[in-house]
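In the two complexes below, chain A is the common chain; its partner is chain B in one and chain C in the other.
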Partner chain A sequence: MANAPTVRTARGSRLSRGQRANLHGYLLSAPSYLAIAVVILVPFFAVVVFAFADFRLIDIPRLSLDTIDWTLDNVRGALSSTAFWSALSTTLLYAAFTTVGVIAGGVIVALAMRKPFRGQSVVRALFLVPYVLPVIAAATIWRTMLNPQYGIVNAFGTQVLGWSSPIAFLTTKSAQIGGLTIPVALIVVILFEIWKSAPFTFLFVTARLQNVPAELEDAAAIDGANAGQRLAHIVLPQLRTVVMVLVLLRFIWSFQNFNDIYLLTQGAGGTEVMAVKVFKELTVRADVGSAAAYGLWMTAILLVFGVLWALANRRKEAM
Partner chain B sequence: MSSARRESAAVRVLRTSIIVITMILACGPVLYGVLLSLRPFASVLNNPLDLVPGLDEISFDAYTAAIRPTSAGGYGLGSFLLNSLILGVATVIVSILVSILGAYATARIRFSGRSVGNAIIVAVYMFPGVVLAVPLFVLLSRAGLTGNLLGLVIVYVALTVPVSLYMLRNYFIALPSSIEDAALIDGCSLMGVIWRIVLPIALPGIAATAMYIFMIAWNEYLYALLFLVQARDLWTAPLGIAQLTDFDTPVTILLAGSIVVTIPVVVLFVFAQRLLISGLAAGAEK
Partner chain C sequence: MKLDRRITSTAAVTLAFVLTVAACSGGGGGGGESSGGDAGTGGEPTGSVTFWTPHVQPERMAAQQAIADQFTAETGIEVEVVAMAGADQDQALVTGAASGNVPDVVLHAPDLSAWQTQGLVDSDAATAVIESLGADTFNQQALDFINIDGAYQAVPADGWVHLIVYRADLLDQAGLSVPTSLDELATAAQTIHDEQGITGMAFGTQVGTTSATEAIESTFLQTGCQLVTEGTVTIDSAECAQAAGDFATLAASSNAGQFDVTSARATYLNGDAAFLLFSTHILDELAGLDANNPLTCAECADNENFFVENSGFITVLDESNPSQYGTTLNYVIPEGANTEAATLFVEYMLSDGYSAMLATAPEGRIPLRPGNADNPTEYLDDWGTLGMAGSDQSVGDLYGDELVASLGEGMNAVSRWGFGTDDAVLAGEAFAQNVLAEQLDALYSGTDPQDVVNEMAVQVQALQDDLG
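Up next, the complex of A and B:
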């Protein structure tokens, strides 16, 4: 394309086709890249700068590049604080369990919904309710259900199951059940995320399942394969690529999740994940430098997963 | 379904119970929220397990109180909803206009450097929102753009452009380019091709992308909290409900607000379920 001969267009432009394509390409995509650059790339560089600066919220009006006090304290301070490591392990637990739960839930329901039945499209739409529901509505409903005074879960527990006292699900860090220590609030936010995001996996897996050719399964059935064998040897292998991509995407999304956790617990009860920690460094402690340093470490860790995702995706395209 | 594949009774029972349980889990909490929002707060406190409100109990007082402005003794949700609507519509219009051009360029025009652009978009899509929120808050408050809706529109547009670019590009790639090629050869300008040919054909994909973006803006909470928390008049619906939660507002009011916030999304979704699902699938499967 680049060495295509110069063509005269109807308007008499003398640009080669390659040059013209370049010009059009740049012009049309310029607004998109501008938007991304101004509000995403520039701030990203700013985060790097702030992470190495002694900079608090009250310093904002005096902010300019030459008044910055450079320091390594934020970046070092993050790594040497126990809060950082506890936030990181909470985040990893949260991301790992939600990823597994979201994908397992989505795949199981998609498989159960495969065979056509009357009213299937209505049922499918209703399954998407938790995903479509605005997060503020979902969080408000869950907070109400789990409320110790008037929530249905605690009412059921104390009146029917005979609990001695209601449980403050969203603020209880851990409870002893049968000798095991259970992180109560963390489990609640994980279940909330699975409930909210499994429909998304369900959608994608359903779309993929519709492309699994029926002939293969029919042939296997005629050859005597039972339902379990057809599932294990024909259907599930076809889902492998979509599930692999979903695993990494979901992990990355869960890793950076702020809204769902903050709206439920505001980070109480041992649910202070990295995203909540960054937010609190900024708003509660008013320390921009420290918030940026936490954010930078968080991004660095995420980047590793991003690279993994890109590699997995490349392999998928190569196949 | 071929006769060779007849499922056993056990599989059928398992399948049916999964579907029923999922249905209860998916819709139960929402139904619970709706039922509670129709009961007086005192009766919720006294009988938490009594789900179905008595006929004489049902009232929409919580809804009217939630929506009415604070000057009239309400909680001001009506104006929060209006703010969210303004934000959502402005974000959709700007984001879609910007990304239609960009998506067409990356899908159709072979210009050098377009694969770099694609990689940046994917990378940007994965940067943690909360990490970007720190410098955005600092830079935009330095520029005096926090505490008004314009700053938030700028942020929302930039946050949604990568997603809509990605969805629209995949949609454009799936469309046949022969008509566009013919029009170009016949002397139609590039903008003419996009306006007269690409837009009409791609309308379902654009509508799906627009709805997806509207839902992102409608649901957004973190940036609204950071930028607008001091300006009560400008609170968006999610921010307003979250803030009211901290003020010991009766739960029936909060639930009524949650249901009202949900209604526009449900309406959009019911009208365009198929469109949205195919759009989402187009955004994921290349």
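Up next, the complex of A and C:
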């Protein structure tokens, strides 16, 4: 190792122009690698360590890799807990329904607003309001409107629709309607997410629609295709790629959503999704190890979905 | 292998560094700099004390700061009073402890099992304070609450109990006598609702919320129902099923759906309920002394004292089960705090500064250290004369000395599921996670109360299995 510097200089002088350019590139992009390492890789590494370590919160400042007692208790404890599985199924339901709702809502509105009409830009801007609104403001508006005592929804329901008593929308786990069991609070948080995120889909789909050549549709119309056929065979196929990307993004975002649910219900009424559960393990139980284990399982499950999606996508592209 | 060791230790250093940076940017408390007193040189304690208080209202903050300033003037120890509600304390202490930056004194409820399990609480410091002030000068019940694994985890300060407030005029109109059991209370509430068309009893009934969790324990205690007895979950007992049935009746007596504590209070103050289950904190509001919770009832416009004149109080509902729901606030000294200065501060807050501290909200802060060695009832006597909400009217002035006496005694009858026993952790977790309150849905939709408490037992059992 003593003569390393000389070797390095010698090698450096023999760099070709291309190699030097590459080195330049690496040096220039180094800060972003550093940032990624500091804000993503190292914290993730810490989560992995915490998930497999046997320690108390008070020990963390003195924790070092040499002295950690490794254990599988945290990850095993998470799997054997009924709360884990109920949080997982709630999360899957939530992610699936918000994804479908957000995509369908966004596409429908984008299609409806395709043809120019008077006041189109105003309607478009209004439709974006939920997406632009800070989540805390949006959640407060919903909480106020749905309040059992002074909310406008319950006032309308009891005074106009003739409900016998107000409904606690944000805390009612399930209600019987016509023999069906309806998860009330879960539906409300799903609707909230659809209302809040559909504009995002709308923006993407609108942008894509503007690039659909008008000639294609004109040609189909001349060939005698009606509006429904033009939509099904010309327009929608064009949207496939953008919708696939949106489905993936939306599912990942919904799967790990914390803000919206926590601000609306704090996880009450059967809306305790994985992210809320992780937070509660951390703050209510002060159990960092268990919270890390829950988080790690969440990542693993998300990874499975990501890989499945990538495989499905590749096969479609190959066809 | 050598290289591996170096990489791992570098990673460990980086890990520790990043954790510290992350925690510091979030925390911001002054605890980190206050370790000057740890040197233990034998001289005067130095440094400062960071004190987290859940009494966050501006008037109460100002009053607490004044007491802290007095302490600073006497000892030279600076005090930073930080407003932090109970739930925020959980979060802030967890992140603070991970970075070694903790406050020196935290005023907290007795649900200390989570903190104790994680080693966050300095029980030696708490025990030292209790012994130096004299364990026999404290309320025994309050000491039991914070006794985990045979050691005091905190120093009891003050507490409140639940009261059932009733409208004597409405009960007279309906020809009802004051109920003396949970069954009678439920029947009375239903009668009022059916005959007079207003809410029978307003109390925390919102599914899955802390309001409802408190209300469940408060009412279920009245039939002698226990969550857990010596490690066995007993929430499915016949007493509990009876209480659940009464709870359903009481909840159904609402005219306005499910309440949380805030809307329950507003309903009573609006004259729309005959009964209200609330903590002793209601006493100043009833007299119209709290500008944030004004009296809005029709009769109140002409008569400010309407509720004082027409309200009665039930402290012990059922003489055969004289247990009252209540809670305490306790001074917690976290592990890693400036122990010496914190000890002096807590001792001051429970002696010279005690009455001033209780005076910030006397109706909800009943002393848990009634007196000192010289005068065993000094602070309790003082407390009885303290004016509420900045007025010169004390509880005794408005409601009579009988209520003062029964509140003071009430602290001895305070009963909480599991606290002070080996089941404290399970009871604390069930409370914090609102396990019982999540099952109210089924109760409201007409499921048999026995089935509901059976399901409650299943959920508590699952929690017990998780805890191991």
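By our rule, the second predicted complex is superposed on the first by the 290 of 319 C-alpha atoms of A that agree within 3 Å, B and C clash if a C-alpha of one lies under 4 Å from a C-alpha of the other, contacts with A are read in each partner's own complex, and residues count from 1 in each chain.
In the analysis below, a contact is a pair of C-beta atoms (placed from the backbone, for glycine too) under 8 Å apart; a residue touches a chain by one contact, two chains touch by 3 or more.
Because the structure is predicted, anything quoted here is derived from the model rather than measured.
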| said: For A:175 in the superposed arrangement: first (chain B), second (chain C), both or neither? | reply: second
| query | A:283 contacts which: chain B (first), chain C (second), both, neither? | reply | both
| query | Counting only touches as set out at the top, which of chain B and chain C does A:300 meet: first, second, both, neither? | reply | neither
| said: Taking the superposition on A as described, I'd like to know which of chain B and chain C A:61 touches: first, second, both or neither. | reply: both
| query | Now for A:161: first (chain B), second (chain C), both, or neither, which partner does it touch? | reply | neither
| task | Using the superposition on chain A described above, determine whether A:42 touches chain B (first), chain C (second), both, or neither. | result | both
| field | Contact breadth on chain A, by residue count: chain C or chain B | value | B
| request: Pick one for A:142: touches chain B only (first), chain C only (second), both, or neither. | output: first
| task | For A:268, decide between first (touching chain B), second (touching chain C), both and neither. | result | second
| Residues of chain A that lie at the interface with chain B and also at the interface with chain C | 38, 42-43, 46, 60-61, 63, 147, 149-150, 154, 282-283, 288
| query | How about chain C: which of its residues touch chain A in the complex? | reply | 8-9, 11-12, 14-16, 18-20, 22, 87, 90-91, 93-94, 97-100, 114-115, 117-120, 206-209, 254, 256-259, 263, 266-267, 335-336, 429, 432-434, 438, 441, 445, 462, 466, 468
| field | Contact set on chain A toward chain B in their complex | value | 1-2, 10, 21-29, 31-33, 35-36, 38-44, 46-47, 50, 60-61, 63, 108-109, 112-113, 115-116, 121, 123, 125-130, 132-145, 147, 149-152, 154-156, 159-160, 195, 199, 203-204, 207-208, 214, 217-218, 221-222, 227, 230, 242, 245, 252, 255-256, 258-259, 262-263, 275, 278-279, 282-283, 288, 291-292, 295-296, 298-299, 302, 306, 309-310, 317
| query | Within the complex, which stretch of chain B touches chain A? | reply | 1-2, 4-5, 7-8, 11, 14-15, 18-19, 22-23, 25-27, 29-30, 32-33, 36, 44-45, 48-49, 51, 97-99, 101-106, 109-114, 117, 120-124, 126-139, 141-142, 154-155, 157-159, 161-162, 165, 187, 190, 215, 218-219, 221-222, 226, 237-238, 241-242, 245, 251, 254-255, 257-259, 261-262, 265-266, 269-270, 273, 277, 280-281, 284-286
| query | Okay, in this complex, where on chain A does chain C touch? | reply | 38, 42-43, 45-46, 49, 56-61, 63-66, 77, 80-83, 147-150, 154, 165-168, 171-176, 265-266, 268-270, 280, 282-288
